[in-house]
């Protein structure tokens, strides 16, 4: 039963007829288009991931277009207008120093997205290189994986907090410590995937054809471990936004006047009885962004692996 | 295609041994799995050599060792008469072009992220053969040979059925115009009707292009159908080797006899006497002393458990490793 | 003929998928007689395993599958009785042996435990009695040193031993019908021979019907008395072993038999090959399902589905090209 | 079995060494001088040098490491910079609230998540399955401090059912104690519950699709027994793992939740120590939790062996 459903015979749609000569270039384009359509259709079928994509895109637009969308400066103090509730003038109200919360939330998106994106990409690249390298070299494997084990034994939030205690509190150091926190699990994923791929018969087939080491590593192994790594990158992206917010919330992240979501929440906590808007709006933005990224991750998996069911 | 005729062996292995180390990395408790333990094999030009045996007999390991996918623990491999033992790496790679391989599992033996055309052209690219256009032409031509259409060129492996994938695997092996192809259970994952397609294709290739095959399989009837010569392996050792008709007319080794008699016959009117072997295959980690088959052999005597039999030639081309012969 | 123990009548099994219902079995009817060995052959995707699992209603009826037709066993239609009664039949009256013994035996329970469970459920034996009986079963299926094996886990046994354990589990309550779904596919020939001998032996000793489901025609030829050939969810031919192997009427049956190399066949001849591949269930051709791959297919074959018609005392075939006379001639 | 346990226990040693080195290096190698940081910007060079000497920072790194390790075995984690008390006693005095918070969170999580996950797997595609899917997604997207803030906003500020913050010891009245800890426990437990649900569901699904479950059905085993006996014992391996991870998650996550709800536990101690740059305290807490984590993982692996004979017999 399973086998029967699994594999389709080729659709006959492209049998270029009885003619011997087939225009290969035209064929290539047609098939490429078809394959792209299959991917998109598969992605679009998952409504949740489409929602994720929309949310993430929206966040990016809001972050990039913050100066256009909102006329206020996120750092501009206005002691007269302290702790004003939502109004046409201040959509999300104002904070303890009269700053516009809407502006701060928008500019906060910049910080969160920057941190998440840099951490996700860097951890992905580093983890992938480490994982690939570990899968081919026994000594490197042992050394790298023991270090990863050690780092993983320390819960990620605590590790980040510890590093931030020692480092100077600024956005660059937040990114660095979050990379350190996330690389071990990324390397683990890349390594375990690389080991699976390495055992596949097609790697053996390449060896049989006489392929060299770097060809096997970069042309066959890397593309085949890429998609789980990319999916993990979106999850790291999301979790870094959370951790960054948590660090700022504890006062160990991006330093205070900067409009990071964690900072706004931290201030909001102190005035939670009087200014609910200071907690609610940045909170909703954080949750939405993280949710969007998590949903997007599943969709990316479908998009990258149209063959898997 | 008689075996008596002296021909140059395309691929020859002498005293091939392949041991795998198992057990703790700490000195004590080191064990060796003797997957292949001193096997001689030679395959002549244009010959199909069938290698049979049950799971764990070492037939696949022997194939992979000859192919150079794993390093032999001991023994000599000669390709086209040349010993690759003392050769430089680049020389070996050059020679290895003449041996290609087709694998058992059509689902994992093709890179899922490469299009069929790229899979085929890459073989040429590795050996720096031809320009891009020439490679494409060669790939298209070879696709025709194995019964694939040019439209398949830009398709991915997952779009094909098992039989078609096996054709792709065969095309990848053929494109370097090798002298010999090692087929490791190429049809055992396929349905009966598809199996026949692939077997016929292999025979056709042999006739048209004079390619030799080392055909590794566990299915006796398939091996009998396709091979000119057959070697029977058990627990890392060659038990019997003979031209196909000779082997079937005069089976000598008790293991070969049992193996042949166990093969079910699709003719309900012929009920033959079956030799049922007792018990299971012993572990290759701890193979029995003497003749490795003596623990299950109906004719074993005490001598068998002490002395290991050598291969004896009892008729032209017919060799047996049994003390009772 | 002996008494009928199982009558399958117009069985249809449809799977619910995202793209609607998928008919895996389409109108399959056959009987199983007491003490006989019935072989069901076909390639992957022909529905032979689905048929066997439908008989025991093993698929999830709420979400996965929709059955229709009738399966009569001991005067009852199995599709009419409540699950509770169905459970009493499973393992007690109708037992099943699966292909992969390693994954089919529960890895975290001992071998003995799994036989005992069957006995305790159906026979309500005390723990001690059940254990005694289980050891006897292990002995019966030819496992040496059964008392020791009783306490071992499935992964500690060899492939052949595990298959024997599965048979012991299945036969523990002396069922009337044993369904063996590819019981030897994963095994080597010498072990396959052992297991097939065991199944044939049990069939004779316990006087139960055996449905042997396999893709291997040779195994069927050696062990079965009747054969059913399936293709794409339908029976294409049914008959005694002699009918099927001496005078196959359906082009598919012929093709299958000729595609297998014979141990005494002419080696210089090419194997007969059936071109093309088995289509997907979602792309079932109209008319005769074998028509696209059939060398004799006519316009009629492509349009009109042939009926399963009787062409001899014991033989039935689903093909337009075969008339009653031809059947007798052949 | 004994051999298996001994082997597993011994394998903890290298991980612990790596952990200790990592933590040690984190504090000592990262740019920035702990002594200078502790004394603040106003300190003179002499003061810093004196403090360095007192802390042993002027000695070679390797020596410092071994001194640290040996002292740790003696139970000496140094003295807190803030008030000069021994770190160990400071840590112990903050232990109880954290442990009880983590415990409540775990109990809430496990009681809800494991049955829900199992039910979702068994009734795939039904309402309960969708609820579980949504919950587990929400769990990974809703960090505990945010959930805590939202809960505070709703239950404490709007409905005034619970106190906004603060902690009451159990000895000062059970009702007060429970009231003070309910919201933090929910905030902390939710993410764990989501994770547990997801994993339980996934592993249960995998088991339910396996051949041996089909075989058990074909044997006539009751559905109840299939789930409770055949499937559960196999799925248990994953459930144990997730549960173990959750213990560590809960302890680590407590840092943020405690500081949010002003519970005087390890987490709050840690956050306060960040402000004071109290390295020894931070080092000790992180080390303790990491060691605990490693030990929990070891216990999980041993339990694995108890449940699954394939792991045990090798």
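We call the chains A, B, C and D, going by the order they appear; numbering starts again at 1 in every chain.
Just so we're on the same page, a contact is a pair of C-beta atoms (placed from the backbone, for glycine too) under 8 Å apart; a residue touches a chain by one contact, two chains touch by 3 or more.
In this text, all values refer to a predicted model and were calculated from it rather than measured experimentally.
By number of C-beta pairs in contact, B-C leads when C-D and B-C are compared.
Ranked by how close its mean Cα position lies to the mean of all protein Cα atoms, the top chain is A.
Rounded to a whole number, the gap between the C-alpha centres of subunit A and subunit C is 50 angstrom. The geometric centre of subunit C is 52 Å away from that of subunit D, both derived from CA atoms. With centres defined as mean CA coordinates, subunit C is found 33 Å away from subunit B. The distance from the centre of subunit B to the centre of subunit D, with each centre set as the mean of the Cα atoms, comes to 54 Å. Along subunit C, residues 44, 277-278 each make contact with two or more other chains. With touch defined as above, residues shared between interfaces to two or more other chains in subunit A number as follows: 7-9. Only residues 54-55, 161, 163-164, 191-197, 199-200, 203, 218, 220-222, 224-226, 244-245, 248, 258-269, 271, 274, 276-277, 280-281 of subunit B touch subunit C when the two sit together in their complex.
On subunit D, the positions that touch subunit C within their shared complex are 124-125, 210-212, 214-223, 230, 233-234, 307-310, 313.
Within the complex formed with subunit B, the subunit C residues making contact are 43-44, 158-161, 188-194, 196-197, 215-219, 221-222, 241-242, 245, 255-257, 259-265, 267, 270-275, 277-278. Contacts from subunit A toward subunit B in the complex involve residues 7-10, 14-16, 22, 24, 27-28, 31-32, 35, 200-202, 204-212, 215, 220, 223-224, 307.
Across the complex, subunit B meets subunit A through its residues 64, 67-69, 93, 96-97, 100-101, 103-105, 108-114, 122-123, 126-127, 136, 140, 149-156, 158-162, 164, 169, 172, 176.
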